[in-house]
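Look for chain A in each of the two complexes below; its partner is chain B in the first and chain C in the second.
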Partner chain A sequence: MKKQTLHVSLGLLAVLLLVLIPQYGFAAGDEVAAVLEGAPKPSRLDYPMIWGISGRTVVWSMAQMHLFLAAFVLSVPLFSLATEFMGTVTGDDRFDNMAHEFMKISMAAYSLTALVGGGLTLSLFLFYPQMMGYMLKVFRGQVLVYAALFGFESITLYIYYYSWDALRRGNRKWFHMSIGLTLNTIGLTLMFIANAWATFMMSPAGVDPATGAVTGTIWEVTRNPLWNPLNLHRFLANIAYGGAIVGGYAAYMFLAEKDPVKKAHYDWMGYTSNFIAILGFLPLPFAGYWLMAEIYAYSQQMGITAMGGILAWLFIIQAVLIGTIMMAANYYLWSGLMRTDRGAHYARYVKYIAVVIVGGFLVWVTPHTLLLTSQEIQQLGGTHHKLLGPLGIMPAKNTAVNLMLVFTFMSFQMFYRSSRIPTVSWAKAGNMFIVALYVIGCINIVGAGLYGYITPTVYKVGASVPQVVTTLTIIIGSVIIDVFRLRGSKPETVHWGRMSERSQYALFVLPVAFTWLMGLMGYIRSSLRTHWHVYTIMKDNSAEAYIPTIGQAGNTITAITLGFMAIMVFVFWLSRLGATRQDETEAPS
Partner chain B sequence: MLRNKWLALVIGLAFWAAYFYFIDKSIMEGQGLPVAANLMPK
Partner chain C sequence: MTFLRVVLFSVAVLLVFTGFANVLPQIQSDPPKEEIIDTGSLDMAGMISLGESLFKGKGTCTLCHNGMGRAPDLLEMNLAETFPERLKDPRYKGVAAGKEGPKAIEEYIHESMVDPSAYVVAGFGKKGTNDTESPMPTINKPPVELNEIEINAVIAFLQDRAGIEPTVPLPSAEDVVVPDESSSEGPDVATTAEDAIDKFGCAACHDLFGSEADTGPPLAGIGKRMSRGDLMDAILYPNDTIAEGYEADIMPQDFAEQMSASELTLIVDYLLNLPE
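This part shows the complex of A and B:
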């Protein structure tokens, strides 16, 4: 067995090295000459009309559904591996069982991901043959690398899941985790390659700007200006998304189970999933900010289309959804205070946190420009409200979101503190040092926001960086001090399962809001190309080369979200069905 | 070891105020935005 496992691991390593070494994986150079003919210029007739079906809506739905499923199945192995590692280090089997259960949920979704991916590929070639022909010319052998990687991903995923119990103890466990690491490396590489295709369409590189002929190597095409910002943004978003979905599963199981032991397990699973979702979510606005800044740097026109043009109103809907996520996550954390006897001590602070979260949410959803009738403009004395107008610009929004993140962290901090009584002599002094960090940090965030009102635009944008750094300092600083402060602390019993049923609905809100949000923001990102397949390189001449109305886009995104939720309910039901045994007494004699 | 919580609060306030002042200043100047300039839009 040892020999076999060694061979499998060496084989996997060799495969990984082959696909990751650029000169093999990213075949370059020689093929350049073959693709110097430029981008095609399709006419209206080059877009097949099939039974009057809207090709764009089909591709949009398939791409979005594939992305939802792929984000989920790529992220679960990431935190499953982290949980497995935690179980190995602490020797606590609960972590290992939970990691295994995380994988069980994603396994049911994996084949659906491949199925929808296949549907997406077919519909792209069917409705946009010229565009796909050009993309294949640009990305050449990388497409084959992607296909090969998908095969390896499937193999490693199945080995990782099915070998769980066979490789559970001792050195075998480390071998099992190395399979998990290989799986995640392949999964992330897959995502990075797919991101290169999406970002090439937005910010093409390695091609002649006039004709679209390929002039650069595959690496130059891949490493286009928006590639890394999108890589980071999707990586974090996937973790938050995966956490939210398995949290929904835990809530589903918590509500369905009657056995108190199992209820306690799913309560703990829900808490951990919510923690993972928040962990991925906290740095996400900053990654989004970087992506948006790079979009502006690449093309001001594209940036203005997003945030000051037709798509700007969608950012208000984005604020509503993110506010919903924050309120749901906080509500769940506050409800969790009832799991410990000391939780009531912290419950009195909840109302103050609620004021900040709701206040921040209201500032965030305040639009800068209102849709007004001429009579309303007359009544207002202009297009902007005198008091609320200033809340519509970025310094106010940045201040609001940073304060919301800080106070969301505070909710989490209250929970972990409620289960431990510090024993170090400087515990109270240490706490005051953290209080000072919060006070000065919040003043600094508000101050930097106000600074944006009295300075030119470049300072407004620049002042957002100290705000981000302050938020991260508060979070990281508090955790570091608390780690030392709670060393040797007296643990309080956490009554897992002592949780209201109402709180579980907050865990359902998270995946729904996340899915909707991803659909919305994905639509914005894709629409930034306006009437271009590949921005400024290859025009979209189809009958649907226009930006749909907000209502039409909203309806499509909502329909896709509902479809995905139906799939998820099916996946949860399948997972539960797999663990259900028929009662022996029910068998016919 | 510091045991007086109020003294810890005062020291904490001073420490973090100084910390954020220098961090903010260095970040802004790092972006080529001197904070001492007259910044009021004209």
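This part shows the complex of A and C:
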């Protein structure tokens, strides 16, 4: 026991040190600040032309690809550690094996992430030397801290992965998990630093607004208004994303395997990954609200550019994608009811949930796509459009999305309930209470939505807060009740592997839609800066300072996504290759 | 086989998303153009036109000042009443406090643009500031950055809407604004009248350069029929007045957004001097 505490505290110490290191970096760079002059003002000719290549497209592709890979390799250790912990607590080796397998399939992606990151840096310096020069001035030594952390991250990652079997049991397991904790801490720190660069470009802080000369400390620059909202948003999105990708892997293995034992394993892995993806996904809209609210608070103009300007159309695509994700996830959960014998009992509710999900989806999408007359497109020209009003305000859409979240959760709840028979005396009463929670909650969500419609206030965001609170109350409330209600329950056999082939395709929709959606959101986030490298501080005078049309953006994002899919196929293939051993008899004679 | 099916399925899903992105309206948003305003030849009607196009374009004013209640709807409300009321409001402590008349209104509008928080219209302040802080950007600072002449043009436009004779000074030749060197002009801004007319395809509908097109009215000798300001109006807002015997909605409505002020001036100068 003593040894164990020692290991844990050693791990914590390492974590603490790592958290502090950036602080040292921050302090050291500050003297340099005094001698800095303002932001450069490059003219069009200062942007290198290299063989007529579109610099922006190269940087865009590199950045997006790096982000996809980084999101994947950062999130896998996160839920790998959580799964490992589950395995230790429950003593169920299946968890531990799965956690190990999670890591295995992300290992090959890691070096590719670094490689593409290098490519991104190179292309940024090639095509935007002035902008990068300025960013380096602003962020000073932090870049070095980042590089150092990257080194630590790699070392820790390799130790975590390769020591898995050596540190598998007893106290050693705890040591192994503290390595995992260190790994994740470094990983998150890396992401937070990179986020600071991106958000500084959107909402600069710590620099003189007139000239761009650096006046603040690194910490002030880092802690710009949009930093934390983006940190949270990306953190959650990464989890959802990593889960979705691993789910895709499991689905593929499920389809490819013939052995029922392995099939069962991959079915279970697919289920767990899907669960992780949804877990990260459910709170994401709320993180999105926060980010949007902070954007409005930072600059109303930027907020309106996003929600009411030409980018408004993008949020319609976003709605379609999120709707697709929800429908796929739900379809998968419903198919999962086949796995238990009591599932049929719940299957009869599926059609009602389907109505709500599809209905919510339609509410979300229809009214806005009906507005496509050429006259309007012309009017939309530079700024905003009157008829887009409902979009900027969207009480109806908020209602729809909250209901969809609630019912997605219900699909999930049905499955885990179908696998357990409660034995506590108040099981019925508890159930009634949960039903009441759902009913009152839904009435509340719809009511708040209606209220949002009729209030004359401009920012109807106000009405969305009680909706969000209600959604969370339903979810958290019914989980708590169920935890107690199912205490000492009789487990029902879950026939892992008893799953239709078709259901697995839902697990492919998720990663594809997530990847594309992330690309789209990246395009929106960058476009908010309009023709500025650093908003209001440093203008983008390059020939490509315009915001491309949705179609162009969509094509670019699709191309990047295809590239990413190819990389993933390669990564998975590598991880399988490592496990394949050629038999002696197969050798050519 | 499984592999192929999975890949085909995923690509199909991707293509649906891509297709959807391509059927939505396609709008490219260009950075505002830095323009050389040919100020020597701008009369008050021209100022008002310029102000209107700045208000709806580069100034991004309509982003907030519209019918959605984010900011006072300057294009719809009765400005003739509103502005004098603002000056009399006891909460108003700005530069024009206690004054009245057109000049005071000019000062009020000017202040609204360069120091928005000096006076915040009740109910429109930033959340939680109790109407002491305006969400409106400072118009002569980034990201909007209108220069003094452009600000005057917007004021002229708003004064005109309020039914008063604009009191802002006309720009003189010395004021010619040269855009700072850093932002070289885009390669596609026309520099001669012929190029500009070519670029916007006027000759496809009007009988120019001997095109004999008759979709739009002949423009020969138009300088005798129209003033400079009216001509600008006819180009930027063709539907405001329709030439006799012709129909509305045929001439493009978006020249205000497409043209730089320098191109507009080139075209107008050229047309004014067209012989009959």
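Everything that follows uses one rule, which is that the second predicted complex is superposed on the first by the 528 of 589 C-alpha atoms of A that agree within 3 Å, B and C clash if a C-alpha of one lies under 4 Å from a C-alpha of the other, contacts with A are read in each partner's own complex, and residues count from 1 in each chain.
Convention: contacts are C-beta pairs under 8 Å (C-beta built on N, C-alpha and C of every residue); 3 or more make two chains touch, one makes a residue touch a chain.
Here the structure is a predicted model, which means the values were calculated and not measured.
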Chain B versus chain C as contact partner of A:300, first or second or both or neither: second
Partner chain(s) touched by A:540 [first = chain B, second = chain C, both, neither]: second
Chain B versus chain C as contact partner of A:436, first or second or both or neither: first
Residue contacts with chain A in the superposition, chain B compared against chain C: C
Chain B versus chain C as contact partner of A:470, first or second or both or neither: first
Which superposed partner A:42 touches (first chain B, second chain C, both, neither): second
Chain B versus chain C as contact partner of A:426, first or second or both or neither: first
First, second, both or neither for A:446, with chain B first and chain C second: neither
Intersection of the chain A residues that touch chain B with those that touch chain C: 456, 458-459
Chain A-facing residues of chain B, complex: 1-9, 11-13, 15-17, 19-20, 23-24, 27-28, 31, 33, 39-41
Chain C to chain A touching residues, read off their complex: 2-3, 6-7, 9-11, 13-15, 17-18, 20-22, 24-32, 56-57, 60, 62-64, 66-70, 126-127, 135-137, 141-144, 180-184, 186-187, 253-254, 257
Of all residues in chain A, those that touch chain B in their complex: 425-426, 428-437, 439-441, 444, 448, 454-456, 458-459, 462-463, 465-466, 469-470, 473
Residues of chain A touching chain C in the complex: 41-45, 209, 252, 255-256, 297, 299-301, 304-305, 308-310, 313, 316-317, 320-321, 369, 372, 376-384, 386, 389, 392, 456, 458-459, 505, 508-509, 512-513, 516, 527, 530-532, 535-537, 539-541, 543, 545-555, 557-558, 561-562, 565, 569
